[in-house]
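Everything below concerns the one structure shown next.
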Amino acid sequence: MSFDLDSISTAWQASEALCSGKVSSEAHTRALLERLRALEPRLNAFLAILDDEALAAAARYDENRSAFASPLAGVPGAIKDNMCLIGAPNTCGSKILAGWKPPYNATVVNAILDAGGVILGKTNLDEFAMGSSTENSAFKVTSNPWDFSRVPGGSSGGSAAAVAAGAAFWALGSDTGGSIRQPAAFCGLVGLKPTYGRVSRYGLVAYASSLDQIGPLTRDVRDAALVMNLLAAHDPLDSTSWPEPAPDYTKSLVNDVSGMTIGVPKEFFGQGVEEDVASAVWAAIRLLEQKGARVKEISMPNVEYALPVYYIIAPAEASSNLARYDGVRYGHRTEMQCDHVAMFEQTRAEGFGAEVKQRIMIGTYALSAGYYDAYYLKAQQVRTLLRRDFDAAFETCDLLITPTAPTTAFRIGERSSDPFQMKLSDVCTIPVNLAGIPGMSVPCGFSNGLPVGMQLLGPAFGEETLFRAAYTFEQSTDYHLARPDLRPCGESH
Amino acid sequence: MTSDTQTMAQAGPYEAVIGMEVHAELLTESKMFCACSAEFGGEPNTRCCPVCLGLPGSLPVANRKAVEFVVKAASALNCRINRATFFHRKNYFYPDLPKAYQVTQYGDTPIGIHGWIQIETPEGGVKRIGIRRVHLEEDTGKLMHVSPLTSEVDYNRSGVPLMEIVTEHDPRAGFDQINTAAEAREYLVQLRAILTCLGVCDGKMEEGSLRCEPNISVRPAGSATYGTRTELKNLNSFRAVFRGIEYEVRRQIETITSGGKVVHETRRWDDENGVTATMRGKELEQEYRYFPEPDLLPFTFEESYIEAVRGGLPELPSQKKLRFCERGLSDADAATLTQDMALAGFFEQAAEIHGDWGKVATWVLGDFLRLLNQSGADVAGAGVTPESLAAMIRLVEDGTISGKIAKSVFEEMFKTGKSAREIVEASGQTQISDEGELLDVVRRVISENERIAADFRGGKEKSLGFLVGQVMKHTGGRANPGLVNTLLRRELQQAD
Amino acid sequence: MKLSVEEVSNVAVLARLALCEEEKQRLTGHLNEIIEHFSRLQDLDTADVEPTDRVLPVVNVYREDGARPGLPREAVLAGAPEASDCAFIVPRVVDTADGK
């Protein structure tokens, strides 16, 4: 069965094609596998391509369609390589986990497989999700399909690049400080970081436990809702999982924002935000205003402290979460003959990359006895102030709109020598993780041919408001329909 | 060991201050944060899952029963229960610690604080030992040293719920200190009795389900400041606790009096050689970088819940002991019986059935305890039941068997689980109380021992004992001693 | 606050990271740069502010006690760099007072 893959570019269209009987899941899967293999030399989005498993899952669906009710049944996608899937390697982009195959599935992976989803492969990421460009992977540097000389953002850069290039209909990312939303913005996708606790973290390799959250990267808002319908659920295996049942997010795909109050916090339009980005976001805000929303400029004075707070809390938790990579139970162990202490030290020195080591060092330092109060405790207290800013904002606003990232995708190598410049690209997304609230990046324009994303923020468990506003915006614009030109450089128009 | 005590007493005006840190494994079915079996034993690494192996991505969920057990134990230890409590991570690297951090409770809000238990000192006094904190944590795996070059790691114990109980030695808390090895042992005996009574720990020191790590310092008696303390490890029995502390106290006093200095360190008790020694290995900086465990949420307890737990506590060993004393038992007997709830329960049942608490106590504390110790069996595993013990004592009382035969009958009951009557009937060991049958033997003994019979008649009262013994010998010990006595006197006088 | 190379080395010991001299120098520079940015937090008065350890307004999450079989031992040991047929193997560990 052959078909024109280009006529189908979203998960919901793929699902419609499956349901109409025009195409089988196997055909979809084969077509995508073929496409991603062709692209992979330039794209470098995947750390593992799971042909056999994906085709088997597709066949399971094709043979017994009626057993699967989910609209994502039979629809191929990809997951970030920090989510456990039995039988597939799980590297987290690190040499220290090279070769490790988890003996259990992440809860989100089970949700997808149980729904009849097809997992094509595991996508590249910055090592242990620490980074904003996917340049920090120990294995490969992923490119942005809109410009192969540029980064796709990070750390879920492999997932973003795969979907943007049409090599997967949906992908899962994880977001600790912007790692879903910033790549979504850089690659022209919808990316959602759900409220902390809305999606189970069981089986997601931890970076910073109090900030990590899994979410979808998709081509449009409807797809994001479909994926969220699978992900959002209470999980008894995750103590930090929200006990309330999740709503049906497709019910929020309503083209109407009348009566909604949109807050625009000025602090997010400050330092380093490019003019093109700011104007695209403002244009989007004005559009929603025309559609009936009220717009209100607000101030959130503690947002400027989010970066230092994040760069204490996240490394502190990471230093503890990454201590288990000691060469005893899994992953890399040094060849050096030595006592167990030196074995630990040498194994970790060989296994971790520079950025990870640096964050482990910062976190270890911030938690050590003489500095705990000055750094870790202080950061947790300022985190409270920041949360109060958001609480205050949501007393008068239904949602907030900001840029997702201050700039569009930067060039590969451009910022890797300046770690602080790199961290600035998360300045708009980091406060959201610290507050635990949901944030969604939606395509809202282009600057020099590169996608621009706006960030919609809601109160905790206010995802439905985000879906509604994002859907309304999407219905009035066609940024989400734009596709990168993927022809190799030689084949110009 | 008496000589050690004397040395210590003679060493002059020094006193020891002993802090007790006890870890008790909780008797839950599953581990603290996962559903793996928490039962002792098992082939290495067969009770493990992603959570207790610390696999990347795994997350903990707290065992409700473990938390309840600690609330219960802390209540029984007279603690104040914190209304809100949470977990911390204690970060350190060791091959038996799979996540490289232990989930534990740190800081001011462990489950229980500011408790106490009462102990009796060997001198007959009473001390109220303060308990600073009772908290919940997880156990580590186990290292096995298999060859000179390698060690093996077994994670079956990893994640087993562990309760830590730490004594208070700050006198400002208003409690007494532990000052001697004997008091330390008594503290542990009482603590173990309480925990086993509650059913939260099986108290088996040899299996490591109850572990004790005392810290010890000495100072001139009456001094307001503390000396440098050392911490003792590898104390796997009550005897080791006593000997180890006693040795360490003496060592510290001798170090000081000979002009040396006690070094702050961890020392290992060497049970075979009866000494403590510095633990070898790299001295790495101790820096645990505690911080609140983000993977677990806080726990809160309603006042009504705390009250319900307190109200639902069983009769504790100290209360039981008082009640036993009221039934006429000596203080010492009651104390021994209430150190082990299984033993106390056995005793009380037997005493209730039989009625004479004193008589039953004699059997339980004597032959029963001796046989338990010899066989290594526990109370439930012994062949004797409270009913069968009571029935056996009645056989003695009604003259069916002699007290002496009863001892061997009891031993067989213990081994086989048969009733006293079954054993006695099968072996024909019933007492001979038939006058006619005994008279024949008595007459034969007198005729075989003319000279001794003459001695008796001549007023040598003691000779009777020999003749009684001869009758018993001829009857295989089955003759009713009272009846033999009467018959002998009558026969000897008649022959006059 | 400024970190010396020696302090950085001590942190590396705590974190069990073997660092070469060049890495120590480089990390000392990086760490001081980052710590410099932290200093801005000291401007804020947080004397009466409760720390946010966890953002989720939920307490008392338990599982009921009850044992279930874990992983088969082959799966437990499958990822080990070195293992016997029943256990993980590490270089011989001497009994230390460290962290136990």
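So that you can tell them apart, the chains are marked A, B and C in the order they are listed, and the count of residues begins at 1 in each.
The definition used in the following text is that a contact is a pair of C-beta atoms (placed from the backbone, for glycine too) under 8 Å apart; a residue touches a chain by one contact, two chains touch by 3 or more.
For clarity, every value in this text was computed on a predicted model and none was experimentally measured.
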item: Chain ID, smallest distance between chain and overall C-alpha centroids; value: C
item: Result of counting contacting C-beta pairs for B-C and A-B, higher pair; value: B-C
item: Centroid spacing, where centroids are CA-atom means, of subunit A and subunit C in whole angstrom; value: 24
item: Distance from subunit B to subunit A - Cα centre to Cα centre, in angstrom; value: 57
item: Interchain centroid distance [CA atoms averaged], subunit B/subunit C, Å; value: 39
item: Residue list for subunit C, restricted to those that touch at least two other chains; value: 14, 16, 53-54, 56, 58, 61, 63, 71, 76, 88, 90-94
item: Residues of subunit A engaged with two or more neighbouring chains; value: 100, 103-104, 210, 236, 239-240, 319, 323, 326, 328-330, 339-341, 344, 364, 368
item: Multi-partner residues of subunit B (each touching 2 or more other chains); value: 49-50, 53, 61-62, 93, 95, 151, 153, 282, 284, 287, 289, 294, 296-297
item: In the complex, subunit C residues that touch subunit B; value: 10, 13-14, 16, 53-54, 56, 58-71, 73, 76-77, 84, 86-100
item: Complex contacts: residues of subunit A adjacent to subunit B; value: 82-84, 90, 92, 97, 100, 102-104, 106, 201-206, 208-210, 236-240, 316-317, 319-320, 323-324, 326, 328-330, 339-341, 344, 364, 367-369, 372, 376
item: Sites on subunit C touched by subunit A in the complex; value: 1, 3, 8, 11-12, 14-19, 23, 27, 30-31, 33-35, 37-38, 40-42, 44, 46, 49-56, 58, 61, 63, 71, 75-76, 78-82, 88, 90-94
item: Subunit B to subunit A touching residues, read off their complex; value: 49-50, 53-62, 89, 91, 93, 95, 98-101, 151, 153, 282, 284, 287, 289-291, 294-297
item: Subunit A residues within the subunit C interface of the complex; value: 100-101, 103-104, 196-197, 210, 236, 239-240, 242-243, 302, 305, 307-309, 311-312, 319, 323, 326-333, 337-346, 348-349, 352, 357-358, 360-362, 364-365, 368, 374-375, 377-385, 387, 419-420, 434-436, 460
